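A, B, C and D label the chains in the order they appear, each numbered from 1.
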Amino acid sequence: MLKKNRKICVVINNRANYARIKYFLKSAKSMNKIDLQIIVGASANLNRYGDLSKVMKKDGFNPKYNISTIVEGENPISMAKSTALSIIELSSIFEKIKPDIVLTVADRFETLATAIASSYLNIFLAHTQGGEVSGSIDESVRHSITKLAHIHFPATKRSKKFLLNLGENKKKIFLTGCPSIDILKNEKLNLKKDFIQKINNTKTNGNLNFDQKYIVLMQHPVTTEYLNAKSQINKTIKAAMELVKQNYQILWLWPNIDAGSDIFSKEIRKFREKNKKIKNILFYKNFSPEEYAIILNNCSCIVGNSSSGIREASYLGIPSVNIGTRQNNREISKNVINVNYSVQEIVGAVKKQYNKKFKKSYLYGDGKAGYRMAKILSNCELDIKKELNYLKN
Amino acid sequence: MLKKNRKICVVINNRANYARIKYFLKSAKSMNKIDLQIIVGASANLNRYGDLSKVMKKDGFNPKYNISTIVEGENPISMAKSTALSIIELSSIFEKIKPDIVLTVADRFETLATAIASSYLNIFLAHTQGGEVSGSIDESVRHSITKLAHIHFPATKRSKKFLLNLGENKKKIFLTGCPSIDILKNEKLNLKKDFIQKINNTKTNGNLNFDQKYIVLMQHPVTTEYLNAKSQINKTIKAAMELVKQNYQILWLWPNIDAGSDIFSKEIRKFREKNKKIKNILFYKNFSPEEYAIILNNCSCIVGNSSSGIREASYLGIPSVNIGTRQNNREISKNVINVNYSVQEIVGAVKKQYNKKFKKSYLYGDGKAGYRMAKILSNCELDIKKELNYLKN
Amino acid sequence: MLKKNRKICVVINNRANYARIKYFLKSAKSMNKIDLQIIVGASANLNRYGDLSKVMKKDGFNPKYNISTIVEGENPISMAKSTALSIIELSSIFEKIKPDIVLTVADRFETLATAIASSYLNIFLAHTQGGEVSGSIDESVRHSITKLAHIHFPATKRSKKFLLNLGENKKKIFLTGCPSIDILKNEKLNLKKDFIQKINNTKTNGNLNFDQKYIVLMQHPVTTEYLNAKSQINKTIKAAMELVKQNYQILWLWPNIDAGSDIFSKEIRKFREKNKKIKNILFYKNFSPEEYAIILNNCSCIVGNSSSGIREASYLGIPSVNIGTRQNNREISKNVINVNYSVQEIVGAVKKQYNKKFKKSYLYGDGKAGYRMAKILSNCELDIKKELNYLKN
Amino acid sequence: MLKKNRKICVVINNRANYARIKYFLKSAKSMNKIDLQIIVGASANLNRYGDLSKVMKKDGFNPKYNISTIVEGENPISMAKSTALSIIELSSIFEKIKPDIVLTVADRFETLATAIASSYLNIFLAHTQGGEVSGSIDESVRHSITKLAHIHFPATKRSKKFLLNLGENKKKIFLTGCPSIDILKNEKLNLKKDFIQKINNTKTNGNLNFDQKYIVLMQHPVTTEYLNAKSQINKTIKAAMELVKQNYQILWLWPNIDAGSDIFSKEIRKFREKNKKIKNILFYKNFSPEEYAIILNNCSCIVGNSSSGIREASYLGIPSVNIGTRQNNREISKNVINVNYSVQEIVGAVKKQYNKKFKKSYLYGDGKAGYRMAKILSNCELDIKKELNYLKN
């Protein structure tokens, strides 16, 4: 008897992972040939970031496994140990459910665990967003996963070219665009009253007027500059202070779990406590992928070092001020200004960007990446042997 | 006060690791600027392969830590879990001793643990034998480590070129040659009586006459062909049977711990039990690096899929028959014949090679690699930021 | 040559651990025969509870190892996994430093890891507070450790008797009193201005008047009633609400990391956010052992289910209202009223206790426990064989 | 809707575990109210001890999970780490399958992992063979598990009494007898030709004549006397040598994985290699529970320190010579002579016992334990609160 279904296992480690992969999951779920199995781990499985499982269930997805893998500390050693725990858990699960394909998303430190568990168990590994370029440990992790993965879904032409440069097999590289764009294309991104109310209710500090313009601020630690974390976030805090004094409204989103997050969080909290009376800044933690897309789509400028300031913002035409090295060398559209860790540069760039509106850019895709990926994975050959393409030249 | 010493931590995971790195250790230890710290883990820390610590102590090295990281099973899942345990242990140790540099050797599955623990902790990572090419999971692991490492010591010109192709920084790539050649250059490799006696005493089965020619046979499982392990080793067993019938002498060395080793061992043991009366085959487990070098230097042909059949044998001019995919695409000298998993091909190639003697080849180095590496590491800049060299073109 | 020193390794897992053992550490450190080695792990190694290492350094202690062992989640599964990580780390450290004695404190879930690592490695294990009685998983953990430990330092006569009942060797049981009393005896416990200021500054919510009476409230989850956590904490929250309405001042201390802590924290945070304007309740997280002792010594009543409400409060003569099952069957002095999870009962008991002052009780010791323990451990025989005392009858 | 089934999860860690629990599994499987879930871990999941899964499948059991938890080394540290890995794996599985009851067998070091994972997750824990007495770390582990378990199935009256002494609830202690006796009662235990042939074929060394009498020898390391392992096993080896010289036949069964097994194995192997020509000693590794029962039932004397020499042998009336401290203070019938680690004592006792035949003893049960346990577990209350029974007196 023929095996009908191809079992594809997707490991989702945080909210951004989910946002990026949601439309792939939708497409995969709708295809007869695919038996989709979702594993929720790392910070995606922590309630303190809001219950992602609930969000996923509302979207029609029922995770098969939830795994506890985050070692507390938010420092380099907890990153290493969390990765190890993740390998232990995932290898047992892969051995149990025997997927034909494992899909890992992008480049956070925990995703290397998925790549190791899968490739060591001789399971065909698919990877999104290979070939991109950034700073932080993500840069190393991304390319390290590329060398373990068996099929690649780059987001941009340059990324595709870089994957070829990295020695990957031309036939295993598919330029699909970034699946994080899919959500922007497929959902309505206007700010509704009840959502505004929700934000202003879960507030810590201010109370924003969403009839007026507002800035989205989100800055993650750069793990490879761990020792500078305190200084870096304080530059941004001072810039934010300057901006709120000049009556800009700021919606500040909390950082990821990475080495340095505890330091970032501590400094942000100190700042928040000291400035309880300021009303035009508001700190926010838990958003669903759609909520984040709406927040971004309606802001006047995104500031910080999230890749969404480059990726999603370019598609939406939102002005972006990118701080520091985390997105080093990443491909950008015209909407982005890169600045150093400097109060003056940050404030200056925000003012410059604030009133602009940019044309939609397709640099990171057209919003159909998820469907393309699902289609390809439902049919591709599952060959786990790898060979540098340099040998053929 | 100036920090005088540069603390370099070397993780040694198995006997081959040690053999390859011994002359680096010697050089490093002799340099004032280097504070050498050795960690012994994985199978190097298991007594069933002979007490490597004893060997190291005799050589003047005193490991700072011994770690227990091998999960039993010798299958894909135990490879993944052993890697995870290794990350847990090494990250704690690195945090404790805070090395300036971590050096990881080659490409076995556990070495990726060293690379993750080091790079996630922002410790400068040095890697030997990057840019080489082979089959098995080693192929993926090697390049994956390259993408985490900060400095590279390739063994060959092609490897150096491939590291550049892989996007590594030209200034961080040093063609040193392979340190495994150092031992061949620096030690006396003649067969002495007491060593012959030792081999014939620890014998299981035969009793070789070392005045006559003999074949060295060593075949490791190919982890990515795990399901074919039984069939593959049995081809070699049958070829060995054929050869001993024709009065060839065989010295068979035991396989590594890799997914499939249990299957290999079981088949070899079955064969051994059934053929207790055959006197011209002898199974051998524990050798020091020097002992192995001597055995190899004095044999008439090496058969199997150990990289030493390609690397060390080329320097020594020993004929080599390389079986199957494990050394896929590896650079070879004239001394190597590649054959498939086929009794006929193996036997045929051995007969062809048996009486030959080849010229010394410097493909894999001139025997000064360890010294060069130590010299470079004692002085190099310790910058942990990485950037694909494609961006500069 | 005679071995001069006895190497004693103490594992400290949280602030309460440290408070209880501080005077033992002082005594041990001062004794020539003892080489004291401190390991800081679990929540004691997490900054979000304030930097305990700093406190310890100020007290003259320099931890030899800091280990990251807490898996995030604050639920039953993270308790189990944290214990496992702790075993992995501690067994490596014990193997490295080879202590003659390991001392583990009391009964939190992570302490069982210390006991297993030590006893499996054949290291003599000392245990404080064995033979006591409570609810929660602590009850099982405590007696489970007793059965692995080689020497016991019970706090009370009943505890000593229960250790004998449990089959332990009479010669290995020493009634020392509880070392948590030592701190109360040896330090000045008056409220100073700068400390009052510090509390009111790190405030979330209120601003207490320390010239007036105040209640200390601290409630930890009962792990074995995990599913009732939300309901249980809300009873206390409502009671607190009732009391603040009636103008009682409350200083609320944050719960431990245990299964259910996340639920407790969430409910407390919700309550806090909704009642920002109430000024006579204040939430407080980080206190040193001395600070806690001072807070307790000067309050009018302690409410909740901390063992300090029974143990330390009895020595200080502070009225105590003990809620629910966590301290089930624990020995109490006259200062304690036990109540159910009931708003009415809690409020009623607080009012009853509020104006009382009780006589100092020596039920849990006279404040010299730490010294006695150090003295005994510096001399005792280190025999790791165990035998139920029932056999001798 | 009513929940029909009670989900009972049994963790089997080695062959002896399985032998002891097989008739419980049979009974449980046949009961409608029980949904039986089997997990195979530790050495039960290692092929080098023969494929237990195959044996279990033949018996009609289909393990739900196989877990890899043994860290190589066979020393104290690998015992600790294996226990930790086991906690990590089991807690994930328990969380996934949510059993109503977990059953753990006896007292090997890994069983404490089952007890921790279960009790920390608030799952009702059943334990067999509590209250017994022995030496080695098993003695501590057994009582430690008792203090975590919620229901107890002691094998003997004294064990039941000791469980009461240990403070356990009278209503939760059921004297069922030891389930290891069940197999002896329910299966035919005569030596068949094909089984004899199988033994003589898998032989290493001798070739026994099963028409004549033979001795069964099995000695495990005493973990708490780890440093004496080499000396201890060599006493037994010398005694064996003496006996074979005097023409006794010996069937020697391989030791368990415990701290010291590697040392034992090494010494036994050395002895075996040196005495290849001796024909009346034979080493044997892999037996099913039934095969072991047959071997034992037909031997003239069992020698060593396996509990089966005391437990099963007493039921079968087989003479037994028990060496050293491992079975310290265990209840014995008349069939047992205890001796020290002394060549002379061992040889003397064997000669004394050799021709005896003892009456069947019911000390360890009547062969219906498994059924009783299943019956009780299908109906008992599942209350996880524990309270020392001393409080009621």
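Keep this in mind: a residue touches a chain if its C-beta (ideal position, glycine included) is under 8 Å from a C-beta of that chain, and two chains touch if they have at least 3 such contacts.
These numbers were taken from a predicted model, which means no experiment stands behind them.
Undergrad: Please state, in steps, how far chain D lies from chain B along the shortest route of touching chains.
TA: Minimum step count, chain B to chain D: 1.
Undergrad: Measuring between Cα centroids, what's the chain most distant from chain D?
TA: Result for max centroid distance from chain D is chain A.
Undergrad: Just give me the whole-number Å value for how far the CA centre of chain A lies from that of chain C.
TA: Comparing mean C-alpha positions, chain C is 41 Å from chain A.
Undergrad: In whole angstrom, what separates the CA-based centres of chain A and chain D?
TA: 52
Undergrad: Of all the residues in chain C, which ones touch at least 2 other chains?
TA: If we look for residues of chain C contacting two or more partner chains, we find 77, 81, 85, 88, 92.
Undergrad: Help me check something: in the complex, which residues belonging to chain C touch chain A?
TA: Checking each residue of chain C against chain A gives 45-48, 68-73, 75, 77-78, 81, 85, 262, 266.
Undergrad: Which part of chain C faces chain B closely enough to touch in the complex?
TA: Within the complex, chain C contacts chain B at residues 65, 67, 85, 88-89, 92, 96.
Undergrad: For chain D, which residues are in contact with chain C within the complex?
TA: It is residues 76-77, 79-81, 83-85, 87-88, 91-92, 95, 109, 112, 116-117, 119-122, 133, 135, 137, 139-141, 143-148, 161-162, 165-167, 223-224, 226, 259, 325, 328-329, 384-388, 390-391 of chain D that touch chain C.
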